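Read through the structures below before going on.
Common to both upcoming complexes is chain A, partnered first by chain B, then by chain C.
The block that comes next holds the complex of A and B.
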């Protein structure tokens, strides 16, 4: 069994990578709350624990948002793996979010 | 979230118009070369690089204000008495329950109105509230200083309408570098009263459990239907009866009725100028004081405790009440009275016709049956009284039994060595066991779980069959 697994890896099976994301929100504003809920669903369904998420409240840390080049909230930034990408909105459009995260829609599920 | 927790919001006039805003965002997105924008929904805020602050868009702002109002309304509708204090201890918000309390008690019991200072109210508390007001003030200062997150204290508020018990808790909320406090007061008078009632109920239950645990239950009680027994149980109390104790003298009022568990009570008839003579023996199969059930409040015989042990007793009036209420108890008592009458008449005949040795053997066997162990403490004088003979006669008979290795008698302790041999020696009165009205097992161990054992169930079933044949009103 162990040998087989080694072979499979050698054949180029995808190695799970951890997706690092940062979500910028504005306090308890409705779209921000929705964005958190939508992102949680996406992470649970498509990333299955292989992710790191940091939530930044721009009302509390506006300078940080500006330093990161975030101009509107809610805004999701994929930090790694490259390429870096951003999604603006409440993340209800799952396909757009998946595309931004580099996960083709329907391919993972 | 309340409006105070939000950062200062600025609404730039050039962004109020929808078209202008859309244009601004479009330029924003186009201007950032690395931004791969996906318009996946709506926005809440935009950053103003000039001031370095987040600007909430009108819709988000309205939604937040709406939700703040909702939070305030929800807080106001809470059933608890809650007030919110600022860092200086001034009441900035109260719930309707708090306001209702303040209105009803006119400031008593730390009832502070909105706008007043809680610490000042504690300082100005009356002498009746001084003690707990000082404790609350100290707790509040600690919370506001950040020394503790939660302070809780119980206090009683005295008023002409009665005392009220409260639990007051103060929780700190750290915000903007200062600590605010939420004071929650709960009226726990009702709960305390309920707790007190429960604990008195528990005391009663533990007393009942003590009765249930106190040795082997009495057979008469065990044979009662469960419902009747449970009703009786609340009036029963365990008691230890010691050797030589007289429960009743002839002509004396019977204050209690005793149900022996593992003790033995002799019924003695007192004849003037003579020693008292035993005419009956009551152990765990019966009851002492049954004459009450016949409607006679005084004793006719001396009831003397012959073997130390436990019993349960019930007050006479309660016993009578239960008797009147429960035909089942009446029938059980009548069965016992019948058995005792047979025992008494048989004993009378036995005392007249049978030799001391046989009578002694019968008496020892009857005693053994009613006691948990085959070893009991008896003196020759006592035996002589029981059997109505001279002491010398008892000594001689005991020596004979001992020589035949049926019993061992040493320093007043009699041990039965050969039960069957003793039965053979005993007079015919003992062998008429059903006539003697005693059916208890010889082995005291058997009766340990008498209340749950199959034997008891069989007895109860048998008894219930008997009861069905009886007319409903017996007495």
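The block that comes next holds the complex of A and C.
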């Protein structure tokens, strides 16, 4: 697997490791809706299908959000690969989201 | 009918916070099911106030609550509570929910966000717990992340709507630094809150002073102004001024001031429940008088509190023992309690609050505060004065008989004793001073005033001995009361003079006695002379008669014996006599007429 990644990077290809993410939203709140849209764009552009995204509606699963330590919405958590990271906000600032996900900014344009 | 009842304003339901003093100034506590905003700088006690209220609600009111902390983690909060003896972990098991709402420092922010998620979580938790209370502690930390005043306002609105919907009684704390940095949105927050409390901490001459002010209370009356706030033994305490009117009770029972001399000067002691102020220079035995009062109170079996500043209780006990005041037994039996405060360590406010707590807990009937003036040593004089006043009023409200000492440095008691401005509140004012005369200092005691009592106006000398303090008999000379050895000298002098007078008198009396005896004797001698003279006289006249008689007889005898013309002779004799008488009579008329018979 490690070899694969090295190879991929050497070839300048996009990361093929599956990135597992969780996005916490609050129903149809404007920022939540915007966050979903922004994240979809990022995933399409930079992850090329190599991701797993779970969307958790805090309004429906408050206990889950509490257990995960989520307070504000929207909130994005990168579960794997390590290191885990968190981004809050509607993800409008793409560069900071990419940095948090461990992706080089502007890798593919 | 229904319209009518609706029109009458209903009292805002309130819920007590259990924070000592706050419920009084807010006339009952915080508004129920409404939002209260607590603002203030760091370290002013906002969090503690909120935590204490929440804890009290859970413990006493059996109302579960939630604590949302944006600044501190739960462990820190528990530790803070533990310093005041609150067992928060135990409460957290059943009645309280603590949400650590700090954002991890590694969190990356990208764009705008909302509080909806958190509110959804809290709403779920509220249902689970049946919570009636919620605290948002340090909401400013979270709002600052929004970096957009518009977004902040939006979230505040969201919060307000949520709180209104959930019917929770809420406390929101927000950090406000200074006066300048009060952003528009905090004004906005004040608008959404029904009750706004401002906490303040400032330095007054190097001593931190905390204050609390209710700046707004929708639909309710409250005590306006700033009130001192301090961290007491059981948490935050507010120094409420108590009732606006002073209590009208005025017992006429007299309580001994400690020793007879002073009692008689005061017309039989001080009234129960009154305040006696003892002022004096250092070393004028203010503490001794106060100690004597405490001892006598304990002897009557009354609980007594001895508050001393800047002097340890053990040392006071020892020093008082040297003048015959023994407090050990009473301290052991618990009849006497000592509170020894250091004025350099804590601000006067805290002392006041601790003393107030002791008054409530111990319920003494007598109190000694020695010296009250120590409060003015640290911090501003104005606040020390206010504290002095409040302390006296508190003591008076509890109907406690108090002896309060106040140090006066310098010579003029009238000007100095008013430094703390307590002399006007005190019922009795005893001033102790030194009188320097004849090369020595002596303690003099004066009663400056004593309300409702006919008191002595004399300056008396206070003498300390192993038997305790005593007042000497008044000894005045030339309009001045004499003291010390001067008094002793004067007394000796007076004794000598008395002795001398007595001797002089005895001598005089003796002299007079002698004179009397002399005269009596002389009178007796004269009487003897008189008698003798009388006797002589009597004898003389007796002789004469006898002689005349005898001579008559002798002549008659002679004549008879001669047998001569006795008749003629007799006539001649008688005529001679008659002629002499006539001549004396007629001499002035006619000198020639005098016949010369017989020549």
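The rule we apply is simple: the second predicted complex is superposed on the first by the 92 of 109 C-alpha atoms of A that agree within 3 Å, B and C clash if a C-alpha of one lies under 4 Å from a C-alpha of the other, contacts with A are read in each partner's own complex, and residues count from 1 in each chain.
Criterion: a contact is a pair of C-beta atoms (placed from the backbone, for glycine too) under 8 Å apart; a residue touches a chain by one contact, two chains touch by 3 or more.
Quantities reported herein were computed from a predicted structural model and do not represent experimental measurements.
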Inset, instruction - Answer with first, second, both or neither: which of chain B and chain C does A:99 touch in the superposed model? - result: both
Inset, instruction - Could you look at A:47 and tell me whether it touches chain B, chain C, both or neither (first, second, both, neither)? - result: neither
Inset, instruction - Once the structures are superposed on A, label A:39 by its partner contacts, choosing first (chain B), second (chain C), both or neither. - result: neither
Legend entry - Which superposed partner A:23 touches (first chain B, second chain C, both, neither): neither
Inset, instruction - List the residues of chain A that touch chain B in one complex and chain C in the other. - result: 25-27, 29, 31-32, 34-35, 58-59, 62-63, 65-66, 69-74, 85-93, 96-97, 99-100
Legend entry - chain A-facing residues of chain C, complex: 99-101, 103-104, 106-118, 120-121, 123-125, 142, 145
Legend entry - Residue numbers on chain A that touch chain B, as the complex places them: 25-32, 34-35, 58-60, 62-63, 65-66, 69-74, 84-93, 96-97, 99-100
Legend entry - Of all residues in chain A, those that touch chain C in their complex: 24-27, 29, 31-32, 34-35, 38, 58-59, 62-63, 65-66, 69-75, 85-94, 96-97, 99-100
Legend entry - Residues on chain B engaged by chain A in the complex (per definition of touch): 1, 5-7, 25, 28-29, 32, 34-47, 49, 52-54, 56, 59-60, 63-64, 67
